[in-house]
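Heads up, there are several structures right after this.
There are two complexes below, and they share subunit A, which is joined by subunit B in the first and by subunit C in the second.
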Partner chain A sequence: MQLSTRQLCFIAGGLFPLTKLVLLPSVLAYHMESDLLFPALFLFLIEGLVLFSVMHLSSKTDQTFYALVEDRFGKVFARILFGVYGVYFLCSAILPVFEQNLLLRSAFYDTIPSPVIFSSFAVLAGYFCMKPLRCLGRLSDVVVPISSVSLALLLVLSLGTIETDGFFPFIDFKANRLFTASVRALPRCLDCAYPLFFLGHFKHEKGTTWKVLLSFAVGCIVVLFFLFDFYCIFSVLSPRESSAVSKIARYFPATATIGRIDLILTYLFSLGYVLALMIPLYLAVSCIDVCLPFRYTRLITSAAITLGLFFLYTLLQSSLMGIDNLIGTYGFPVFLLFSFVIPSLSFFLRKTHG
Partner chain B sequence: MAKLKQLYFWLLFAFCAVFFFTNDFGIVEIQKTAIVLGVGIDRNGEGFSITAQLAVPQKSEQKNSTDSVEVSGVGQTVGEALTAINSTTGWHPTLSFCNLVVLGESAVEGEIYAGLEYFFRNENVPDYALVATCEGSAKEFLSSKTPTADMSTFAVEKILSSEAKRSGVVLPLSLREFSIDYFTERGGYLPIIVKKEQEKGQGSKQTNEQGAQETEYLFDATKTALFSRGQKKGELSPMQTLTLGIMKNNVRIAAFPVTQNGIGYTLGVRRAKTSFSVEQGKRIKVKISLSASAIMLDSDASHTVDDISKTELVEAPVLTEAERAITEQISALIDETRRTDCDFFGIKNLVHKKFPRTDTGEGFLNEIDFSVSVKLKNP
Partner chain C sequence: MKRSISENAMLIKRRMPSEDILSFSFTTRNGTACKLFYADGIVDKEMMGRLVITPLTAYGGTIGKAEIMEAIAFPEVKTANRMEQLEKEIAEGNPVLFVDGIATGFIVGTKKVPVRAITEPQTGLVTKGPRAGFIEDVKTNMAQVRLRFKTGKLRFLNLKLGKQSQTNVAICYLDGIAKETVVREIEERLQSFEIDAIPDSSYVGRFLCQGQSLFKRIGTTEKPDVFAARIAEGRVGVLVDGSPVALTLPYLLLEDFQSAEDYFVNPVRASFTRLLRFAVATLAVLLPALYVSAQLFKLQLIPLPLLLTIASSIQGLPLSPSLELFLTLTVLELLMEASVRMPKYVGLALSVVGALTLGDTAVNAGILSTPAVILVAFSGIALYTVPDLVETTSPLRLIALIVAGSIGTYGIVTGALFLLVALVGEEQYGSPLLAPFSPMKANDLKDSLVRASLPALDRRPRSIGSKNRIRFKETTCN
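Let's look at the complex of A and B:
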């Protein structure tokens, strides 16, 4: 088995929340103001249900998702489904990759850097996509504790700046905006589908389901607290504050004396963030490799991803808002289908023995 | 296959490395970079005049380690004026180290945020930069010499530091905090920096390159300007500023003067806790309660050794008089908040939380009945 329960828990609780800490807080604040916790909670509950469904499926079978689909619907359908999922994961990774670009540019650069600087991530992603799944587990063992501790310290440093005067949830609650906010937040909450593709690669032991769900819940609670912390610091300015995670701790009084120590923590946080970004890219390569099982498929797909990321950075670096609008407006039904509906329904793929 | 993977990896690495190491990294030559430490904003007809105080490192060990240069630019907007600095000097102003934005008298006469918006939009300007207003023009203010620091910007940062804030005498505000007050229509306030010419005999005056003596100034920020809907509506006196500082800023120890039976005392007010309670009857009633401990710092009468040794104990009549004086100042603050509609107490948010259907628009503060309760005790 390539992943252990511990590594699954690290991924669910330590990596899944990281992609929700960059642009998501400002997006939610724009639509819901001080009620920004509600769409987040709503999406986390749905993600939790999907995750429960997938983990429950893993308790009933040792087969991979591909084997389950092939048994039920045939090889051709399974390959088509995986090919579509491969393209889906590639497309769903675009927005988080641009958010990472935004985070690193705003946190670590005073001038606008050349987009070529980010080609190192493209190389790393392409290389990582060629490695077996156990590399993800091993990397999470190293990176998740580092990024988790750094995130915790960032939150601690920000506590002194919180002012709850402007935070009054429920009072101006606008139910009609809850749906819009959830739709715009959805592109950052697609992690629940990933464990479906880990099926067959980890051994389901007693309590695995609850351990993974508990880890996921802890991660969600941290994100909800982060959203509360963020809004209490920036209040009505929140919609403007992209790259939230790099900004919350910079008002810590000691930074005026000893310098921006919060940037060290942001740097350590970004280690985990990079790994979290590579998961959908890895799954895309794996799905396409299954769909087109030729000798060099994985190699060619990884190379294509590297070059694709490279050109994305150089040509579309300034287009984050346009891409966010496009994906947020038109991607909703696609995300709903592939990240929520199909993983939930996959539970019925298990073989029932009469 | 493994060898092919390795070959692919190294080819790709070489491809990206060529691009990576042949790009310019976004670096600007240091000689062409002007490190802006403070910015002054004045209105100039229909546009703005910006004065940037630039840090200039010194080569000689005999002179000050840091000298400053003031460079001005004019434009219809603040951004245009800053760009004009680049075009006239060849220096590219870097605002990443800008810790002070000063608005001259002309800049606060109209809509105040028109001058500040550039700094709020620009991601490179740290939003923890201090914002203040000054008497006269910001250009003259930044050009002033002061004996307390090498540059006027550093001197202002000292008097508006977090330590000064904890003493209650000043109400410093960052760009972020002022922007929140402005956009929540709470109003907002800014410290007013006043130049005081240094009295003769307090130290030698600086001599400029032509041998003429330059006047040095000390800066005072104990007065506060009040804003409502982007317009300046009033000012707080130093005593009112001190009282508001005690109420809001979690002071470590604030020196509060009291006169009782013709004797002047200076009490150290600390551990101040302010609470607001809101009730609704025919009118909304807000009760402001301040509780704090006070110690004796000094008095203008002589005392016995026994009395002096009991430093922390304040006599009951003096405490009572201090409570009365603080109550009087809080009442004056209430009058100011009503008159200017500048909600520096945050009453509107409190009422909105408790009674969401109440309209807290313009003039709302005049419809509230305030009561004040001050309790001082010995530690």
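Let's look at the complex of A and C:
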């Protein structure tokens, strides 16, 4: 087996939340102001339900998702579906990957960095995509504890500067605002579909479903607390603070004398964040590899991803808001279908033996 | 083999015409001719005279194979009929006796190899704990291991490697504890390569690891106590004649952050020093890179008062920060390399040239800045807190510096991940290099960067995959 239950828990609880800590807080604050927790909670609940469905399916079968689809609908359909999923994962990865630019500008560079710096991510992603799934699990073993501790320390450092007055009362919103905020936040909450592609690569033992769900829930609680903390610090300025994680601890009093230790913590956090960004790219390569089972598909797709990412970044690095608007406005049904509906319905793919 | 002593002597001389192969002729009391062949310098001549020549010259009975064996009366006597084997034995240092009328060679085990005394190895000095070290003789090394395991379960598999050198190699393990598949795989790999000579155990190490890697993939030690402790954990050891460095497999990267002394001191102290070693080694690799990226890309990383000091010292420097650090590090590497190769009496001059001319004068001349020299000096010293990894950490430091100088801290983050992606996939003999951190083995973490008290270490490391996991049980005495 390529993944263990612990590694699944680390991925669900330690990597899934990380991509939600950069632009999502300011997007939610822009649409919901102090009620930003509600759309997040709403999305996390739906993600949790989908995750439960996938984990429940894993308890009933040892087969991979591909094998399940192939059994039910035949090889051609399974390959087409995986090809479509490959493209979907590539597209869904673009926004979070580009969001990274905000973190880079805020925490890594004093000036606007050259697009060349992005080449290191592109090469890393290409290299990672060539590795077996076991590599993701083992990386999570090392990286999740580091990024979790650094995130916890960032939150602790930020606690001294929070001002809760602006946050209360927070139950003052309309349903259409909740809907709009959820739709705009959706592109950052698509992780629940990933475990579907881990099916057959981990052994479902007694309690695995609950352990994974509990880990995911803990991750969600940390994100909710982060959102609360973020809004309490920046209040009405929150929509303008686009790289939340690198900014929440910047006002820690001791930084004047000991330097920006929050930046060091942000760099450690970035280890997990960059890994989390690479998961959809990895799944895209895996899906295309299944769709086109040739000897060098994985290598060629990984190389194409490296070059494609670098090219796209060079071309569109200053168009993040435009991409966000485009994907946020028109991507909703696609995300809903591939990340929520299909994974939920996949439960019915299993064959009942007996 | 012939019955005639002169023909046998001629055959041996033809096979071994070298001038250090000597012979000594004598006769028994009843006049039977005998001839001893031996390699000069590696035979205990006194013993040979006392055990072979004296009894046989006094012997006057009938001459036969059994009678000769009885007359010599020494446990390490064996016979052989093939010239190839006799040749090998002479080359190894065991004299061969020919007796006229007997078509057999008598091999007498009076080999005496010149060896140095057992001393404390320079690479593993301790303030507490055993001080013995391995030497170049494999038999002495095997004896040192045997003294630590007075049990029949300690097994040595002896091999001869090297087509010309015929080097003795011993695979050592504890039966019932080490994984048999690992023992078998090591034996198969060692027997599968053909090489002329094995000058050192590092040659054997190269053949035991597959593929290329910047990282070490085989454990090494010069201390019998460390070797024994690793064998007791379920690892397999390899001792090579002519080398004081023993190899142990499977290897975990963590091993090099641990020291023998950690087990002889308080667990709190041991944990503290291990964490310190890890932190300092990481800093040694990353600090020059962080300094450069802070100067070039993110000044906020440096506290303001320090930044002002640095700013005043780098004012007017002709070199960019990355080039400055790169040059200083290269000079440091050069000095270290030279100090190892240079004769000791020139060492003092090197220190003066290195420290004063290259350091102080370069700063005064405005070529280098003081912070850069301090940083490089710190990094140079800090790297040696984990001496066994210097071969890896030293190039990594230069790579990190180049990446930081061109991409900045983001390059360090992606570079670190790149390294991790490569390392998590590394596996030798079924043990992942980064275990017990990746894949995480909760029980093994008790003896990782922190060390629990000895009673808590009651299980052998799962990462090594030993057959018997119980290291010790607590028994109650009434």
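By definition in this document, the second predicted complex is superposed on the first by the 350 of 354 C-alpha atoms of A that agree within 3 Å, B and C clash if a C-alpha of one lies under 4 Å from a C-alpha of the other, contacts with A are read in each partner's own complex, and residues count from 1 in each chain.
FYI, contacts are C-beta pairs under 8 Å (C-beta built on N, C-alpha and C of every residue); 3 or more make two chains touch, one makes a residue touch a chain.
Since this is a predicted model, take the numbers as computed values, not measurements.
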Which term applies to subunit B and subunit C once both are placed on subunit A by superposition, clash or fit?
fit
Now for A:127: first (subunit B), second (subunit C), both, or neither, which partner does it touch?
both
A:135 in the overlay: touching subunit B, subunit C, both, or neither? Say first, second, both or neither.
second
Subunit B versus subunit C as contact partner of A:237, first or second or both or neither:
first
Would you sort A:306 into first (subunit B), second (subunit C), both or neither based on which partner it touches?
first
Between subunit B (first) and subunit C (second), which, if any, makes contact with A:295: first, second, both or neither?
first
Per the contact definition in the header, classify A:113: touching subunit B only (first), subunit C only (second), both, or neither.
both
Does the superposition put A:104 against subunit B (first), subunit C (second), both, or neither?
second
With subunit A at the apex, the angle to the CA centres of subunit B and subunit C, rounded to a multiple of 10 degrees, reads 100
Shortest CA-CA distance in Å separating subunit B from subunit C in the superposed model:
5
Need the overlap of the two footprints on subunit A, from subunit B and from subunit C, as residue ranges.
109-111, 113, 116-117, 120, 123, 127, 256
Sites on subunit A touched by subunit B in the complex:
106, 109-114, 116-117, 119-120, 122-123, 126-127, 130, 165-166, 168, 171-172, 234-237, 250-251, 253, 256, 295-296, 299, 303, 306, 310
So in the complex, which bits of subunit B are touching subunit A?
1, 4-5, 8-9, 12-13, 16, 19-20, 23-28, 94, 96, 123-124, 126, 128, 162, 174, 176, 179-180, 183-184, 346, 349-350, 352-353, 356
Listed in rising order, subunit C residues that touch subunit A in their complex are 297-306, 403, 407-418, 420-421, 424-425, 432, 434, 437-440
Residues of subunit A touching subunit C in their complex?
4, 6-7, 104, 107-111, 113, 116-117, 120-121, 123-124, 127-128, 131-132, 134-135, 137-139, 141-143, 256-260, 263-264, 267, 270-271, 274-275
